Structures are given as structure tokens and as C-alpha cells.
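Below: a set of structures, written as C-alpha cells.
The two complexes that follow have chain A in common; it is paired with chain B in the first and with chain C in the second.
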Partner chain A sequence: MKSKIKKIINNMNLSRVRFWIQLFSFVLFVYGGYFAIDLGSKLPIFTCPYNEQSGATCYLIPLQHQLSMPAQILLGGAGISVIVGLVTFLFWFIFLNKAWCGYVCPFGTFQDWLTSLRKSMGIRYSTYTQNQFERLSKIKYVLLAIVLLAPLLMGVGALGSEWSAAFCQICPARIISPMFSGDLSQWKIDFSTKTSMILTAIGMIFAGLFLVGSFIKKRFFCFFCPMSALHFIFSKFSIVQLTKDGSKCSTCGDCYAVCDMQIKDIADDVKSTNILRDDCILCLKCVAACPENDALHFDIFKIRAFSSTREGFEKRMGLHKPKGDSGE
Partner chain B sequence: MVEFIKRDKNDIFNKPLLGFLLKNRKFLMSLRVVVSALFFYGIYYGFAHPGKENLFTGALFWGIFWALFMVATLPSFGRIFCGICPHGFLGKYITKYGLQKTMPKWMQNRYIGITLLVIGWWGIYYTFPSFWKSPLTTALLFYGVTLLAFTFYIIYKDMSYCKYICPIGTLTRAYDKLSFTKLETYTDSCKDCRTFECASACSYNLKPFSFAKKNQADDCTLCMDCATSCEAVKFTLTKPSEQLFSRFKTLNAEVWTYILILGAIPISMSFAHGLNRTKIADSMIWNQTANYFGMSEYAGGFAFAYAIFFTIFFSVLGLFLASKVLKKEYTLTFATLGYAYAPLFILGSLGHTLGSFFTSDYQEIVGGFAQAFGLVVEVEPLAHRGDSWLSYFGVLKWIGVLWAFILIYKRMKLIEASKVRKVFAYFFSSFLLFFFIGLNFYSGYVFKTYGAKERGDSMHKSAMGALKKERPQSEGSYAKRGQMQESEPIYFTLTDPKKAVSGSKRGSMSHGSGDKKRVPSKEAWLVYGKDITNAKAIPEIQIETFYYDTKKKPNELKVEMKKGSRVYSFETPENGYYNLYAKSEIQTDKEFLYKVAKLEYLSGRHGVETLYSPKVKERVLTDKTKIDLIRIKKDEENSFFYKSVMGEELAFKALFESLPLRDATLVITMQSGWSKKVQTDEDGVAKFHIIRDYFPEWGSFDKRHKEEMLLTLFHMPKESEQYILTYPLSFYPNSSDYASYGYALLLISLTLFISGVIVYRFRKNRTKPFSELRHEE
Partner chain C sequence: MHEHKIETPNEKQNRHKAMESVNVLNTLKEGFKTPPKAMDYFYNLFEDVYCNQKALHKDKVKVGTMCIQIPSEIIYALDGVPIRLCNGFYTDDEIGSDFLPQKACPLVKASVGHLSSKNLTDKPDMIYSPTTCDQKTKAGTLIASFGYEVVDVDFPRTKESEISREFFRRSIREFSADLSQKMGKKLSRKNLKASISKIGYAQSLYHQISEFRKNKIVPILGNDIFLVTNAFFFDKIDNWIEATEKLVEELEQRVKDEVNAAGKISPRIVYTGSPPIFPNYKIPLIIEDSDGIIVADETCSSNRMFNDRVAVDEWFVNDMIDSLADKYLKACTCPVFSKNDDRIRRIVELVRSHNADGVIYQAFAGCTVYELEQRSVLEAMEREGISILYIESDYSPSQHGQLSTRVEAFIESLKIKNRNKK
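And then the complex of A and B:
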């Protein structure tokens, strides 16, 4: 019985399962407001509060607001609210680890849909060279630093109040998410002060780059996402992990080929068992694409929940049946 | 000896500037000569100018070296303090020509130095607070220590003074373990070495080639003699306190140093300086004990003794219980887990020292040096007490606590025991940490509940008395001049009228300076005058004030005198609407005047977890005033951060004795002086639009440019009876004033276009078929 369930899971058509989960969570987090759903304001995904119908709120906005309190208040009793916020965030986070990005984040889902649009139009996708990859992957930490430092500087009076939620001002999700509920009011440049003018203009440019970028490059924005950087700091503490058994790996490179995030370690690194890297979105495409038994597996509480198997690989690739559906 | 080595990436000798300087004998020599010269000049200066006018000696010893430099370098680079110490520097040469005797066994005791420091320095410091403060005693102290050191250097070999007698020798050795640097050697290269230049270069008779294997650098003072003698010596960057994560030969004296210094500095300080400054200081146990023995002038010494006792008690008890739970020997547990207490003192102290560097020490140091070298320098302190950014240094203490918790976890791994035992042992060995945290919370609590003692009581009172005498006169003169007429309306304002007159800082109120109250509160003033921007504080008149909080419960407004004007304050613990009222009834010969000032304040603070529900908007019904004006809130108002904007239509309902008031006059006065009259309809409702009445220069445009307006409701049921109610409001420019959609569209399409072109070009170039270069013949 147990092995039967295992077999069903290991043989599942991952891309279809993922599509439905993503669709469900997209509706939940983008249109949740219409169903009076409110999952709080500490979610580890880009479910943007500027979209008034969102079913929850991205953690970065309360984090920025809390950190921007005047230093004395922040370091007094109000510091507790920051800790409470962080703990709530972690509470959500530990359940899914970075799968929040690959399965839940509506902004990520939107990028996947842009990718499938591109695919249906028959346009090729772009990739970075390894050199570009290494250099660009540091940007998300720079953005995370903006998220954390701008409010702190505001709290000590070094920056004016127009820096409130500075990252949100430049975040493309602020501009694009409200569009899903027909709200175009974020498409604006705020001429009230010079700072907000510059910040919102950068936001506009980022939104434009986002649209072009995610059309020609898979998961374009996730590569620069500060939330992803914040995730990675805590990813060790999560109950779900992506693990690799290097001794079973034949370094065929299938996993690297399907990886939306172009993570080379997934194929090259045969030493580390924890193969979750900072760019990973835990979409599990690599596990699905791996032809070796148990070389890659997705663990919940160290129990293998989804493993790579020869059989599952063949099934997904349609190698047995001449008319099987072809997974990615 | 190794001539050349390929250095690791994290080797500091591999870094461009530091690597060069640290391996440069001439630089190190001149640095030490300069430091020694300063040291002896400081002593000389102390003797030459023993009085209080001498700033230099204090600034040099207590400003730079002993607090700032040592505390800042120990948990970072390590023992470089010892590396530049004049005693060690000169001691090397003295030892070379000295008697080179072996130190007797009883003197080779590391507790000598630490005892000297804790009792001889800190004990005296607390018991006789002013003893060490004068330049003369400072100079005498260092003169004495120098003589002592030199005597020891002459007699004994291997710098034994530094290892055993020096009061801070064991301390620096102990706290060096927290640093993120490590001096060791490339062991692969050392395997074939038979000459051991590193060891023979070392004045301390240490063996640098064994440091890597031992995972510690013994008494190394980072003098870099070995590094200049052999290339195989490396000075690497590590994780902070990485040494403590794995095994090394432990030394009980080091653990005792952590415990005693923690007791002698942060804990004694918070007893003798922190809690002793509160109003309930007399009921503290050390003061009680001191009084019992009739030695209340030495209460500081008792505080010190109690602090040492408590610290030892909690650490020893905790580690003893941990050893019982782990079923290991007490000495082993003590030596293993005790190292985890290291960060507690040093990081809190670092925060404290950095804070005082910015507020006062910087000024003293620059001033002291200017004095000593005859320069004329005017310095301002870099920051003022109470500057908000300084409080970030306070976070360092908590980082230290967190670090200690992590270290216990890491050190616990070095002990073999079952998991359950370890969990309990973790709890027990954290006793000292709990005590430290508890003490911090407790003194915070005491300061907040009981407050600080007033300094110089008598002086304070007399000054207050003088103020009190002055006040009635000045206010009397207001009344005499007759500026405020009885029929003139009074209204609330949230800005200090005195500040508004002088035109200082706009909008800095909410970030108030030094507002440390636990419950946030808001201040309001009662003013009069037609010009809203230049209103005057009302003179002393009979007035009744109260407010309704977010739960619509009536409360008294707190009245205080601040800077000569009456301040009405109310607590705003929760987000929501607060309704303030002030009421006065005046019967003159001609008429009866009933004046009410109302203010509806919306408190919206981020980080407060109050939920916005329709209940928030519900109106307050008061029976305490006869006349009332209520703003009818719209459906769009669904957040605590709602702001009225230009162009918005506002609706008000006027009530008289809780019934709708018809045909009353509502006068709207804007900040610019523009005003308009509206009549209430049969439901008592009056509606109007906020007009946009200012067009600033683009450069000075600020969307947070708040504007004020004042509504005044007049009602005259009889000729001789007048009811007046005021209602101030503030509003902001409408977002359509500054949000520009066209530019956004242009910008986003330009980005799309340009990046599209770039992508297209890039791809085209990549797919261009290979073509041979053609050379022109």
C-alpha cells in the first residue's frame, strides 16, 4: 500500500500538478479579497497589498514599516512587534521553504504564464552565461539591503518620510499586481518630492524590464527578488528540503537543462546533500527530470516525499507509450 | 624557513594594504614608538598638570586606549592592543639584556593579573568613585605599573609579566577568542621545517607552528615578529569566535575572567550606576546592607560585591547543575561551557563605549590632544545624548546575548551526552544569561515605573519656583492687553503655538525627541486667533476638558505646564479616532457664551495590530456638551491612515442637545485666510468641498505639505445666548496633483522598446553565421 502511494507520487505528471496548484494560489492571493479571505500580512511571497483584492500581504511591507519607526521606539517595546512579525513570517515559511516561490507566489506564477505565452508564440528564450549569472545573482542581496537599511536610516532621521517602504516604490509587483484587479492607478510617477519622483520612475523602468525580461527569460525577476534572499537566510530551518545523493548522480545534466533558474550546482555538485541554492524556487522540475533512482529527492521531515525514479522519468518523457503526454 | 608561499584567499597578509603594513618591520616599529611616546608623554603630562584642567591624560588613557581601542579591537581583530602596548614593546628589549630567570611556580598563576584588575581597579572604582578620575592618580597608576612591569622584565624571561602579572594580560587572552582573526601557519610547509624561525623569533617562547593544530594561539600578542621571520606564518580571517566552535586546551582562568569581568563591569555598572539613579535606589539590597553597616558612602563598593556574588552564584550554580545533568565532571563542564559567556560583556561594553565616544569622548580626545600639543581646535561632539541613532548601539548588547546562546549550543556539541540531557544542560548553563537579560529588563522596568532620581534636587526646585513666579505676570499682561475677547472662539491645535510662531521644524512632532514613554501619547494646545498659522495660546481661563478614546469612553485630558504654556495630552495606545473637547461657559452682562472646542484625531501608527472595522468610524455621542459637530465619514474611509485631500467633499452634522440643529452657520476658514459660510439643512447637515487654494513653486512642492482649516459653528437661539463650536481639520494635496500617469506610460513604453531592441540586437548578433575575415589585397 505504502509503496503503491509512493509509486503514484513518483510517477505523477509534475507540470500538470504544479499548474493547478499555481492557478489555485494565484486566485487565492490575487482575488482572495473578493472572497473575504485575509491570511494576514506576513506572507513570504509577493502578494502585493497595493492590489486591494489580494488575499494576504507580502511580508516586506510590514517589515519596512516596522523598521522605519523612530529608533527609540523601535528599540523600546516596539522591537517586540518586529520579532513577532519575523516569527509569523518564519511560521509560514518553514512549511514550504522556497516552494513558496515555485508554487505559491502569484508574481512567480505570472512569470511562468508569460513564459508559456512566449513558448506558444514559438520564440526562443534567453539565458545568462555563467559569468553573468554569478555577478547578477548578487543583486538580490543589494535589494534586500535596501529593504532593511532604508527604513532604519529613516528611523534615525537620516532619510525623509518619502523613503517609507522605499523598496515598494521600485518593486515591479506594486505596479503589475494591482493590474490583475483592473487597477491601473499605480502606473504613475509621483512628482510630490524629488526622491519619490526618482523612486517611482525607477519602479516604472523595472516594471518595463520585468515585462520584457520575463517574456524572454524564465523567472526573470525571481533572480533579483529580495524575498528570495530573505528566504535563503532561513531555508536551513525549513521542514522541507531538496536533497541530492551524489553517489547516484551520473551528471547527465538533465536537471540543469530544465532548471528555470539556471542553477549549475544541481548537476555539477555531487558532494553536498542539501542542494538548495539561493536562487532555487523549489519547483522540483529537476527531480522530475532526473533519470536516476533516488538521486534527487524532495524531503518532508527527512522523509522522502517525492523522489526521482527511472520509471517516473520514462513515464513523464513518454518513452514507454508512443502517445504519452510529454512533460517538460 | 619558508621563502615563498601561495597564500590563501582569506589570509590577511594577502590583502593589499593590511598585508603590506603588518609585515613591514619599519611600520610596526614606528607605530610602537609613537604609541610609547604618547604613553610616556601622557604620564609626564599628568605629573606636570595634576589639576582638573588637564584633559589630555584622561583622554589618552581612559578615552582612547582603555575603553575604546581595547573593546573595539578584542572581538574583531584580536589582541592587537597587546601588539602595540608600550610595556610589551620595551619589555622585549629589556628582557633580552635582563637576568632571564624562570619565574617561580607560585607566581606563574594567571589569577594574579585578573585579581589585580577586578579588586584593585574596579573594586576601588566603585567604592571610591572619584579616586581614579584625577590626572595625577592616572599618571601615578601607569607610572607604578610601568615600574613594576620593567622590574619583572629585568628579572624573568619569556615576558612572564605579560602572561601572569599584567592586569589585562589574561583578559585580552580570554576575549581574543571571540575575534575573527587567527594567527597560525601553513602546516603543510611547516612539516619539513627543521629550523623553527617562528619560534626563535618569538619573545614569548611560543611555537607558532603548533597554533593551527592546537586551535589556539596561547599568549600570542600579535606582535608579528614571527610573521616577519618566516613566510609560512598566516593571519587568517575566520568566522567570529570560530576557535570556540571546536576543542582546544581550555584554561579555567579564562572562564573565570569572563565571569568576573561580567560581574565587575556590566552588572556592577547597572547596580551602582543604573539602578542607583532610580527613585527606589534606597530599597536596593546593596544600599540596605551599606546602611545596615552604617557605611552608606561606600554603597558603590557593596553594589560591586553583590554584583560579583550574583554573577558567580548564577554561573557556578548553572554549570554545576548542567554537569550533574550531563553526568560529567564539574571541571570539564565548567571549562567547556563557560567559554560561551565570553560575548556577554564585550559586546554590551562596545555599544556603551561607542555611544559615549560619539556623545562626549570624541570631543574630549580631540580637545585633550589639542591641549597637549598646543593646537587650537574647536570641536563639537559628534552626537548629542538622546540622538535616536545612538540607540542602535544598544542592540549590540542583545547581539552579545544571542551570540552567547549560540556558543552554548556549539560548545554543547563538544560534550558527549544524550539529547535530552543536553537540552536540560542547555537550560541550566543559560542561568547566567537569564540573569543578565532579567537584570536588563528589570532596570528598564524600574526606570519606566519609578523614574530616575532628580539630580540636584534643591537647585531644580528653586528654578521651578522662579518660573512659577514669572508666569502669572506674563499671562496677566496678556489679559490686560485684552487681546482675547470673550466671544472669540478657542480651538485645539496639535502644534505647539510657541513653536509655530518661531516657525521651527514642521512635522517633526510625531518623531518627537526623546519620547521614551511606553504608551504613546499626543499633545494638544488650546489657542485662539483668526490667523490659524499664527494662533496664540489662550490665557488662563475656566475651562473643562475631556476626551473620548477609541472605545468611546470619556476620559480626562492630562494638563501640564510645559515651557510656559498649557499642554493637554492624551494617551493613544490604539489606532482609531480620539475626540477631544474643551468647554467653557461665560456669563457677561450682555450675553451668555457657551464655547466648545472639538478635535477629532485619527491615530494611525504602523506596527500596531489594531484591526480596522466599521466600528472604528462610529460617532461619539456626548451629553457633556450642549452643542456638537460630527463629521460624517464616507465608505471609502477604511484605514487608520486616511487623510482628507483637496477637492474632497466633507459632510458635517450639527447637533444641539443631541438633536439635529438646523439653520446654524458653519464658517470655514482656510489657512490662507479664505473663508466661506454654509447653513445646515433640516437634518443639521452641512456639506462643502475642500478647495485647493495654494499653488507653490515646483521645487518647494511637497505632498506632505499639510494645510489647516478651521470650522466654526455658530448657534444663537436667543439674542443674548450664543453657542460657538470650533472644529479644526487638516488636509493634504490630492494625489492627482502630483501623480502623473502620462510620464509613467512614456517611461514604461520607452523601457519596453529599448530593452526589446537590445534583446533583438543581442540575439541577432548571436545567430549571425560565422563569416571569414576578408583581407583587402
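And then the complex of A and C:
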């Protein structure tokens, strides 16, 4: 019985399962407001409240807000609210680890849909070279630093109030998310102060880049996402992990070939057991594309929930008996 | 009156090769316990091709390949037939000796010898030569001097770096463009996907057989498997698939009926090193003659052709070509690469998954890369506590006695080890 269930899971059509989970999450988080759903304000995904119908709020908003309190208040009792916020965030986070990105984040899902659009138009995706990859991959930490430092500097009075939620001002999700419920009002530059003007202008550029970028490059934005960087700091504490048994790996690169995030270690690193890297969105496409039994697996509480198998691979890649005599 | 005819060199070559072939085929058919019935297809195929000079692909464009790194998926997609030119005949080895140094690898010498004789049943219309080891690389140019159309396909000697990945992707793209132009046909999403799927299916048949060989009771000899995988070098792929499907079915039944191809206490052997190519099954035959059973191998004439698969994310032509290039480079466990770690891991994994008692490592005298890697593999096996025997051999029919003494002693020692374990 147990082995039967395991077989069904390991043989599943991951991309279809993922599509439905993503669609469900997208509706929940983007249109949750219509159903009076509010899952709070500490979600580890880009579910942006600038879209009035969103079913929850991205944690980066309260985090920036809390950190921007004047230093004396922050170091006094208010510090507790920061800790409570972080704990709530972690509570959500540990259940899914980075699968929040690959399965739940509406902003991620939107990018996958742009990818499907491109695919249906017969246009091939672009990739970064290894050098570009290594350089660009650091940007998300710079953005995370903006998320954390801008409010703190505001709190000690080094920056003015126009710096409040500085990251949100440059975040493309602020501009694009409201569009899902027909609100185009975020496509504007705020001329009230010089700082706001610059920040919102950058935001507009980022939003434009986002639309173009995600069309030609799979998961274009995730690469720069500060939430992804924040996830990675805590990813070890999650109950779900992506693990690899290097002794079974042939370094064939099948996993790398399907990786939206171009993570090279997934194929080439045969020493690490924990193979979750900072750019990973835990979409599990690598597990689905691995032809070696149990070389890659997705674990919940260290129990293998989804493993790579030869059989599953053959099913998903459509390697069946050829029809007709010439195979054309 | 009876007309007296002098045998031509080609006739002599054919006769000698037929003798070599019959020798091996008869041993396989009659020297062991009854082979599976489905093996008859393969025995007959080898007899047809190597004893009766039967051409299999008369009306097709034949694309010769000098090594496994030329993606057969692309050749099939363009309506060509890949013919792997690696050769195992002592007769051809001797002919090739005129062109290469005495100490060169017998496989390369035999391949060169065979092509120099121009006596081929399925003569390749063009040859692609990946620049793998020194001798193969040089052989390509030599073969071109015999009047064949030979195209070098650049192949990197290190595979860990990103440069090498990009390099080989580009190399395979060039190869596809070149072949596509020669065939007057374009690669399309449809034809390439169909051929990837077909080869993938053929590979899955091999993997099913491998599963049977993991059993305690092994239903088929390693030598028979070498013949099956060897047929993939030149057979019509649809026929091969059909015959192998039948073999899989029969083996499944054999497993149920507990038919053992080996003895009760035959030590289980993983075979690695220079590839045994028909009819040079010298060492594999000695192993199974000495009551060993080959349960798996790590060679480019068998496991390496079938083990690694192609995964594609978006089925565009360029995407497929890149994935193919990655598979033929990154997964390749050829000893020409600077590092041999992947190959060692594969051997250890095969020993563990097939519950093997020991490893036999053959290197052809003159096959420098396998000779060189002998040390690192022996060291690794020692670290892992796996018994290993290293033997050097060539294509000559001599030294049989000496080799079998060594193999027998090794297999005997494995038996004693197993007995002591109990």
C-alpha cells in the first residue's frame, strides 16, 4: 500500500500538479479580499496589499514599518513586536521553505504564466552566462539590505520620512499587483519630494524591466528578490528540504537543464546533501527531471515525500514505445 | 574442370573475421547453460553481418561515428543511420598495425584497419570523429587519408568547467548544422523529439534488463548483454527495440521461474575498462567461464551508451540540442577527462546496487587513458573495501592461459571471501 502511494507520487505529472496549486494560490492571495480572506501580514511571499483585494500581506511591509520606528522605541518595548513579527513570518515559512516561491507566490506564478505565453509563441528563453549569474545573484542581498537598513536609518533620523517603505517604492510588485484587480494607479511617479521621485521612478523602471525580463527569462525577478534572500537565511530551519545523494548522481545535468534559476550546483555538486541554494524556488522540477533513483528528493521531516525515479522520469519525458515504423 | 581461384585479400579478411565471429557465437550458444530464446535474434544478426557480410542499411545514408559522443538522436532525426565504427576484430587489428605504432590501442588499430580495407558491408557515407583520446583523434585524420569524408567534432578534455559545457554545446550545434546540410533536411521540434523519445525508450529497455541483473538469481550472462548492447552500434533501431522487448519479456519470466544463468555461488562481477567489442569478448568470456557472472559493467560499449538520459524543459530544437550536448559531455565517464571521479562513483554505485562481489578492470595494452586511470580506481576501490583485479590484454588470441589463471584465482578468492562471510 505504502509503496503504491509512493509510486503514484513519484510518477506524478509535476508540472500539472504545480499549475493547479499555483492557480489556487494566485486566486487566494490576489483575490482573497473578495472572499473576505485575510491571512495576516507576515506572509513570506509577494502578496502585495497595494492591490486592495489581496488575501494577505507581504512580510516586508510590516518589517520595514516596524524597523522605521524611532530608535528609543524600537530598543524599548516595540522591539518585541519586531520579534513577534519575525516569529510569525518564520511560522509560515518553515512549512514550505522556498516552495513559497515556487508554488505560492503570486508574483512568481505570474512570471511562470509569462513564460507559458512566450513558449506558446515559439520563442526560446534566454539565459545568463555563468559570470553574469554570479554577479547578478548578489543583487538580492543588496535589495535586502535596503529593506532592512533604510528604515533603521530613518529610525535614527539619518533619513527623512520620504524613505519610509523605501523598498516598496522601488518594488515592481507594488506597481503590477494592483493591476490584477484592474487598478493601474500605481503606474506613476511621486513628485512630492526628490527622494520619492527618484524611488518611484526606479520602481517604474523595475516594473517595466520585470514585464520584459520575465517574458524572455524564466523567473527573471526571483533572481533579485530580497524575500528570497531573507528565506535563505532561515531555510535550514524548515521542515521541508531538498536533498541529494551524490553517490547516485551521474552529473548528467538534466536537473540543470530544466532549472528555471540556472543553479549549477544541483548537477555538479556531488558532496552536499542539502542542495537548496539561495536562488532555489523549490519548484522541484529538478527532482522530476532526474533519471536516477533517489538521487534527488524532497523531504518532509526528513522523510522522502517525492523522489527522483527512473520510472517517473520516463513517464514525464514521454519516453514511450515509438508508434509507427519509421518513428516520424 | 574445376576452376582454381586465389582468395583475394578481402575474401581472406572476411574468412578470418567469420572464423573469429563463429568462435565467439558458438561459445555463447553452446558453452554455457541454455541462453534465452530471444538471444537467437542477436546471434543470427551477428552471424549475418560478420559471417555472411549482410548489409543492413542499403537504402539509407550511413553516418559513421568514432566514439559515443556523437548524439545518435540527431542522426536519426535527420533520417540517417548511425554506425559506430569501434571495432573488435583481431583480423582488422593486424591490418591496422601497418598504419599505427606497434604499441597503439588495438581498438583504434582495428577500426583503422577495417576502414583501410574498404571492405565494409555498411560503408559509412561520412564519418564524425569526436576528439576524445589522442589515438582516436589522430585516427580520424588517418581515416580521412583513405578517402573517407571525416569531420572532427571538438570535444573538451575537462568537463567540470562552464567553458567546457558551452564549448561542447557549440560543437554539437555545429555538428547538427553540418549533418543537416549534408542530409538536406532540417531538424524540427517534431523529428528531434521523436528520436529523443525513441532512443530514450531503447534506453529504458536496457534499464529494465539491468533491474533483472540486480536479482540474486541472475537470468542472463553478461556476455549476452554485451552482444545485445553491441548490436545497438549498427542494427536497425526498430528491430533492435523489438528484439530487446522480447528479451525483456523472457527475462521477466526467467526471473519468476528462477532460472539462473550462473552457478549457485558464482561471484558477481562488475566489469569496467576498455570496451569489449564483438568479437573481442576475451576477458568477459574468461570471467563467465571461470564461474563468475558479470552483473553490470561500466564501459562505453554498453552501460555508458544507455545509462544517461536527456531531459528537456521546453521542447525547442535548440533546447533539445543543448540538453543532448550536456548528456554526452557531462554524464560521460570516459577516462579521457582530467578527473576520473564520476567514473569511480559510477563503479561504486554499480557494485552497491548490483550487490557485486568484485570488480574486474581490463585495459587494452596501448589504451593509455584506461591504463593511466587504473591507479585511481584501484585506490578508490581499496578505500571502499571492494575487491578488484586489473588485467591488461589485447586482441591477440594468445596469452589465454595466463589471463584465465589470473581471473580464476581472483574469482576463487571471491568465493572464499563469501564463504568466510557466512
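The rule is short, and it goes like this: the second predicted complex is superposed on the first by the 320 of 328 C-alpha atoms of A that agree within 3 Å, B and C clash if a C-alpha of one lies under 4 Å from a C-alpha of the other, contacts with A are read in each partner's own complex, and residues count from 1 in each chain.
Simple rule for what comes next: a residue touches a chain if its C-beta (ideal position, glycine included) is under 8 Å from a C-beta of that chain, and two chains touch if they have at least 3 such contacts.
The structure displayed is predicted, hence computed values, not measured ones.
Q: Will chain C clash with chain B on chain A after the two structures are superposed, or do they fit?
A: Chain B/chain C on chain A - fit side by side.
Q: On the A-aligned overlay, A:L149 touches which partner chain: chain B = first, chain C = second, or both, or neither?
A: In the superposed model, A:L149 contacts neither chain B nor chain C.
Q: Under the stated touch criterion, which partner chain does A:I139 make contact with: chain B (first), chain C (second), both, or neither?
A: The answer is neither, since A:I139 touches no partner chain.
Q: On the A-aligned overlay, A:L90 touches which partner chain: chain B = first, chain C = second, or both, or neither?
A: neither
Q: In the superposed arrangement, which partner chain does A:G77 touch: chain B (first), chain C (second), both, or neither?
A: In the superposed model, A:G77 contacts chain B only, not chain C.
Q: Could you give the angle made at the Cα centre of chain A by the lines to the Cα centres of chain B and chain C, to the nearest 10°?
A: Taking the centre of chain A as apex, the angle works out to 130 degrees.
Q: Contact-wise, after the overlay, does A:R124 reach chain B, chain C, both or neither (first, second, both, neither)?
A: The answer is both, since A:R124 touches chain B and chain C.
Q: In the overlaid three-chain picture, which partner chain does A:V17 touch, first (chain B) or second (chain C), both, or neither?
A: Neither partner.
Q: Just how close are chain B and chain C at their nearest CA atoms in the overlay, in Å?
A: 11
Q: Residue by residue on chain A, keep only those touching chain B in one complex and chain C in the other, then list them.
A: Chain A residues touching both partners: 124.
Q: Under the definition above, what is the set of chain A residues touching chain C in their complex?
A: 119, 122, 124-125, 129-130, 246-258, 264, 267-268, 270, 285, 289-291, 310, 313-314, 317-322, 325-328
Q: Can you check the complex and tell me which residues of chain A touch chain B?
A: These residues of chain A touch chain B: 62, 65-66, 68-73, 75-78, 81-82, 124, 126, 152, 155-158, 161-162, 184-185, 187-193, 196, 200-201, 204-205, 207-209, 211-213, 216.
Q: Chain A touches which residues of chain B in the complex?
A: 387-389, 391-392, 394-395, 511-512, 514-516, 518, 520, 606-609, 701-704, 733, 738-741, 743-745, 747-752, 755-756, 759, 762-763
Q: Spell out the part of chain C that touches chain A in their complex, as residue ranges.
A: 76, 160, 162, 165-166, 190-191, 194-195, 197-198, 200-201, 203-204, 207, 237-238, 241, 245, 307-314, 316, 318-319, 322-323, 326-327, 330-331, 333, 341-342, 345-346, 348-349, 352
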